[in-house]
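Got some structures for you, see below.
One chain, subunit A, appears in both complexes that follow, with subunit B as partner in the first and subunit C in the second.
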Partner chain A sequence: MPKYLLSRLAQSAVLVVIVSIVMFALIASAPGGPAILYQEDVDAEAAATMRRNLGLDDPIVVQYARWAAALVQGDLGTSLSNSRPVAMLIGQRFGATAQLALASLGLALVVAIPIGVLSAVRRNGWFDRIATAGAFMGVSIPNFWLGIMMIVLFSVTLGWLPSGGTGATGDGGWLERLRHLAMPAFVLGTSTMAQLTRYTRSSMVTVLREDFVRTARAKGVPQRTVLTRHALRNGLIPVVTVIGVLVPRLFSGAAITESIFSWPGLGRLAVDAALQRDFPVIMALTLVVSVLVIVASFVVDVLYAVIDPRIRYG
Partner chain B sequence: MRRTFLTLIVALLASLGFAQSDNTLRAPLIGDPTAWPINPPGLISDIMVGKTLFNNLVRFSFEDGSTVVPDLAERWEVDVDSRVWTFYLRDDVVWHDGEPFTADDVVFTVETIRNPDVASRWAAAFVTLETIEALDDHTVRMTFEAPFAPLLATLAYNLAIVPAHVLSSMDLSVPSGPTDFVTNPIGTGPFRFVEQVSGSHFILEANPDYFEGRPAIDRVEFKVVPDVNAQVAQLLTGELDITWTVEPIHYDRLAAASNIVLGEVNIPRFDWIPLNNENPLFQDARVRRAMAHALDRELMVQAVFGGFGEVATGPIPPSIAWVPRDQARMLDYDVELALELFAEAGWTRGDDGLLRNAAGETFRFTLLADRGNPTRDQVYLVAQDAWSSIGMDIQIETTEWNTVLARYREGTYDARVGWWVIKPDPDLYDYFHTDGRLNQIRYSNAQVDDLLERGRSVADQDERAAIYAELQALLVEEQPSILTIYPTEVRATNTRVEGLPDIGFRDALTWLHRASLR
Partner chain C sequence: MADAVSPRTAAEAAPKGRALRAFLRHRGATVALFLLTVMTGAALLAPWIAPYDPEKINILRSLAAPSAQHWLGTDEVGRDVLSRLLFGGRVSIVVGLVAATLSVAIGVAIGGLSAYFGGLLDAVLMRFTDGMLSIPLFFFLLVVMAVFGSGLTQIVIVIALTSWMPVARIVRGEVLRVKALPYVEAAEALGARRLHVILRHLLPQTVPSVIVAATLGVANAILLESALSYLGLGIQPPIPSWGNMLQGSQAYVWSQPLLALWPGLMIFVAVMAYNALGDGIRDALDPGAG
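Let's turn to the complex of A and B:
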């Protein structure tokens, strides 16, 4: 296990360096430049001075070296767009993103796994048909539409839930925050929920046909035990893989949901930074997401071993 | 245990419904603001928080939004030929950190703006400034090489005074401001900085030592709400108290809400379709006038702007009321006249309906567009439709906003859609003078240059009015770019907000200390 861990770590480090170089080159080759140089009322001369002051006239290799050298010393740099330290920007937004990502994933798991299992057991029954229809709807409904409809219904019409923000500026109580979290977590969770339902169902359908399930039933093991002890453990392996892929996406790819609900998350920060060519922010977010992907896929590997006793890392 | 339970019940009850009853004004921003008034990096959000944190020497009046009234300077004098200005500053002003405000702060601010390494966009105001000196702690004298008539309007517009004692030790060449200042901005304004969380909010509290008295509102919460639909939803639910600019698509919904008041104000803004005057197609004024005649701008006001605005005559908007408008002709919607003008300029319609010149070339150009602003999106389409229907061969090229602005500046474009919100003064030197720093339409006309130069160097307002009336009329005939609309600004406020002046929101914010919440 330690040997495996070390080699994984080394591979990951190399990967992060490659990703950062590719990213830096991509930003440098994109047309336009940092938004601060392209305000409509900034003239060409002022823009040239700013460009020089930002060090953007230096060769790209020099710029990368400067960025990497600062990073090694733990400095993620400051935003070109607003002079705030990148670490501060990400720090302020990470909490909100983690809340939203975990809440939507939690919601998705709680809903998707029981429904998926039940659908598999009652395959082609009425429950399965409804669940399948629901899952397809969940995948197909665009987040922006669902978000706006929910705001219209639950905030504007019924007045039950706040339509935006995290509640951090109000009394800051947990209940207030929960009320702010409800709609964005549901909206972000819908497609995850739908995908997980389908994966759980198809995986369970396969497992329920396996010999060991038939054997367990033949031995007279009760249905409930067959499902939870024998089938579910095996059925969840592909589901865990999918979760491993979904987690980084939930952390970084929620820009639309975040925009609709004015949620101060990393997804929106990433989109804004990309549009503004705010490269210190883009680079830092690239690192954060790369690390998340690596950690998530590592956790998935470990979970395999926990769920399936046949898997061991030597 | 019982107490915890009670607290819980109270919290639960308190959280139901959101009609805000605390003394906090909640207002939206479309992006994270940066409190760096020397060179606001993201412009509009930065200027909005700046108006509440800082003061200028002078400002625009509560009543009409264009008369210049005292702010940090309680009075001023100007010598006969309008070259030497003396400002007498208030002696009861303190910075948010408790230090006294003095003439040194004013000198420091102007010197910073003039420093070429700072690359401030406001530097153009001071190109003819010879010296600025503090005569004593509360008197500042500015001496110009030549008379500069728009000085007061320029000072009132966006020139916030910043603290010398805080900034003099910082690196001012960082384009978006020194980190230590933007993370803890110090001003003299009616509200002082409390907290900023990226993507979420920028909070200010009433400044108890404000020189015009403590504001009636305790707290101002600028919330980052980038999506305009979300702004409207939050306004309807009472989570926001105001939205500064309502998009036409939302008028009806907001007008129907019982807790919302809509208000329309005139602002110094002109909308236009900038043309690259270096493009051979656009070098004949008859062609440019023909393009204006071919565009049904009245329809544009109704269909695109929801009736909030009027058709533009020249670039000087009617909110600058002291410039007479009677000399400027309205270029009416008249397709036949447009075709006649094209024919005079050598462009006639062929069998395929396309305008062609003697060499058989079509009148082909590209409208450079971006996606995202709903109003601009519609103007592109209206213009393309109107102009293709009389035979112009027009393409729309959609690209990113940054790229649009980059090409606009470099002159690698044919036409685009844009607008300017200008200072409430007809001095349009920056935009139309051959040497204007924002003359991205690359226009050059000796007569226009002469009028613009005279307009800023004459002190007498009547004389200036005559000059600018002539300029306005000339620019209608010249039509260096197609002037379209003077939109009004539509603001939506919760009925609990009282005491905001009926002027453009940028200047209304300088009077926020007079507003209150019911």
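Let's turn to the complex of A and C:
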């Protein structure tokens, strides 16, 4: 592997360790401790016993060392709220988030790239103006509001789509699941779609001004071929990098989208754990999501070199 | 003052006038400025113009449809929606403006130091910035809000601490560009102190792009605050904020769907207006772009 990629990998590993230390320090310094200590049937003495048993009275460094040691052995800890292994909780919900994230990313790409290209080709025309206004609204709209408004329109008023859940428990099969996926995927994908449209447009505008495009046109190459063979190949390269930047935001958006549509994924798990102050779950989720994001941006970097032969790492 | 217009002030006025005209030609930005003035004014005057106490509960009148007494109806415990919207605007505006100002201050400090001193400090600060950009910060926000409680102060600080990175990058780029210009070299050759060079010669050059970043930052902060409040980790009821009003309304979409319309619409308009304002200022200050 080229030296540049190796050093990036090392940097990422350091980053994950730093993130975990910061998160742990934050959590350990929390006044009060986990919510489970404040349940009605837990008196002061019982709470003290629980604190001792959970090791919450030990110094932070000891707690971190214990957590890291367990982690290295593949143990992510146990949820304080429901006493289940955190790894199991994450494993159960990972699929739902992956499905949602991939669907929304796919939707965003399928919508954004053609719109961005057409906008660039017909720059300042009526299509471009509408697309620009749409993209502008797409980055400004709060996705939780968009979600609720879509529920009002498609579930409450029209009754076309279900307002929540995945449809996996019903007997409707893949069509039923698709109906459940439609609104969450769209809501999660909106801002990605809007930003990708803008990037595709500006990147294509730049490429269409290049000499080789002019030359191709001068040679009499048909517009269609100029676009697909010459412009698109070069214009989409920067778009790939942007996808790497957008992946972390996809996870942030998942926390909100999953809450609106009661989608049983990692985002909803994180929000619940935060509300419950269920620290082992939060720690594990932060770590898992950070690693996923870092891996995703690493893959994008490698892809970047693969699709653009001018770029060589190392 | 008015009787003696020196050539100097006239010369200074010209580019400013040009920027102002360019800004006013930007229709979207002008509309945005108008909307923001109205919204900010309404929020500031909320205690005087709100028809009801925003936290006054009246179970007998819960979920009332819009009427002459309650223009936008009442919520699930009979509170006046219009009054809550007006007071909720105060939260969004305060969080937006203060958090954006703080994050700009952090970004300017980190970007400026990084570019001016370069070397190891630059490398460390920029790796740190890249690192912050590559982690899913919303999870971090969730944790901090869960750990330190969810008051106005916490929200402002946390948003500022997680959104300074773009500003730092912009300032670093600008300072690096300006640092290489002859007049900075001249100032240093004349024996100007470092702090003097930074404050008088370098940072003023970054002001246009920082203003643009700050305006977009306000939009971002308003979105983050309302998202946290919507999830129940931000401003806590009964204090109204547009985010927690939306959360409250979601349970009643089947019976009173209008309840969810207003608070979200306010967030949408405020965020869009700040984004448009940022675009307008950018175009006005930099005629070559776009």
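Methods note: the second predicted complex is superposed on the first by the 295 of 314 C-alpha atoms of A that agree within 3 Å, B and C clash if a C-alpha of one lies under 4 Å from a C-alpha of the other, contacts with A are read in each partner's own complex, and residues count from 1 in each chain.
In this section, a contact is a pair of C-beta atoms (placed from the backbone, for glycine too) under 8 Å apart; a residue touches a chain by one contact, two chains touch by 3 or more.
These numbers come from a predicted model, not from an experiment.
When the two complexes are overlaid on subunit A, subunit B and subunit C occupy overlapping space and clash. Of the two partner chains placed around the shared chain by superposition, subunit C is the only one that A:Ser290 touches, whereas subunit B remains out of contact. Legend: residue contacts after superposition of the two complexes on their common chain; A:Val306 is shown touching neither subunit B nor subunit C. Within the superposed three-chain model, A:Val17 lies out of touch with both subunit B and subunit C [touch as defined at top]. Of the two partner chains, subunit B and subunit C are each touched by A:Val152.
Of the two partner chains placed by the overlay, only subunit C lies in contact with A:Ala255; subunit B stays clear of it. Once chain A of one complex is fitted onto chain A of the other, the partner contacts of A:Ala47 are limited to subunit B, with no touch recorded for subunit C. In the superposition on chain A, A:Pro142 makes contact with subunit C only, not with subunit B. Of the two partners, subunit B and subunit C, it is B that touches more residues of subunit A. Of the two partner chains, subunit B and subunit C are each touched by A:Leu275. Applying the stated contact rule after C-alpha superposition, one finds that A:Leu5 touches neither subunit B nor subunit C.
In the three-chain superposition, subunit B clashes with subunit C only at 58-66, the remaining stretches of 58-66, 94-102 or 166-174 being clear. Across the superposed pair, subunit B and subunit C both touch subunit A at residues 31, 148, 151-152, 155-156, 163, 259-260, 275, 277. In the complex of the two chains, the subunit B residues touching subunit A come out as 11-12, 14-15, 17-18, 31-32, 34, 36, 41-43, 116-117, 119-121, 123, 173-179, 182-183, 197-201, 203, 221, 223-227, 229-230, 233-234, 236-237, 239, 400-403, 405-406, 408-410, 418, 437-438. Subunit A contributes residues 31-33, 35-47, 49-50, 53-54, 78-85, 88-89, 92-93, 96, 148, 151-152, 155-156, 159, 162-166, 168-169, 171, 173, 175-176, 179, 258-265, 268-269, 272, 275-277 to its touches with subunit B in the complex.
By the touch criterion stated above, subunit A contacts subunit C in their complex at residues 11, 15, 18-19, 23, 26-27, 29-31, 136-137, 139-142, 144-146, 148-149, 151-152, 155-157, 163, 245, 248-249, 251-253, 255-256, 259-260, 270-271, 273-275, 277, 282, 285-286, 289-290, 293-294, 297. Put simply, subunit C touches subunit A in their complex at residues 127, 131, 133-140, 142-148, 219, 223, 226-227, 230-233, 243, 246, 249-250, 253-254, 257, 260-261, 263-265, 267-268, 271-272, 275-276.
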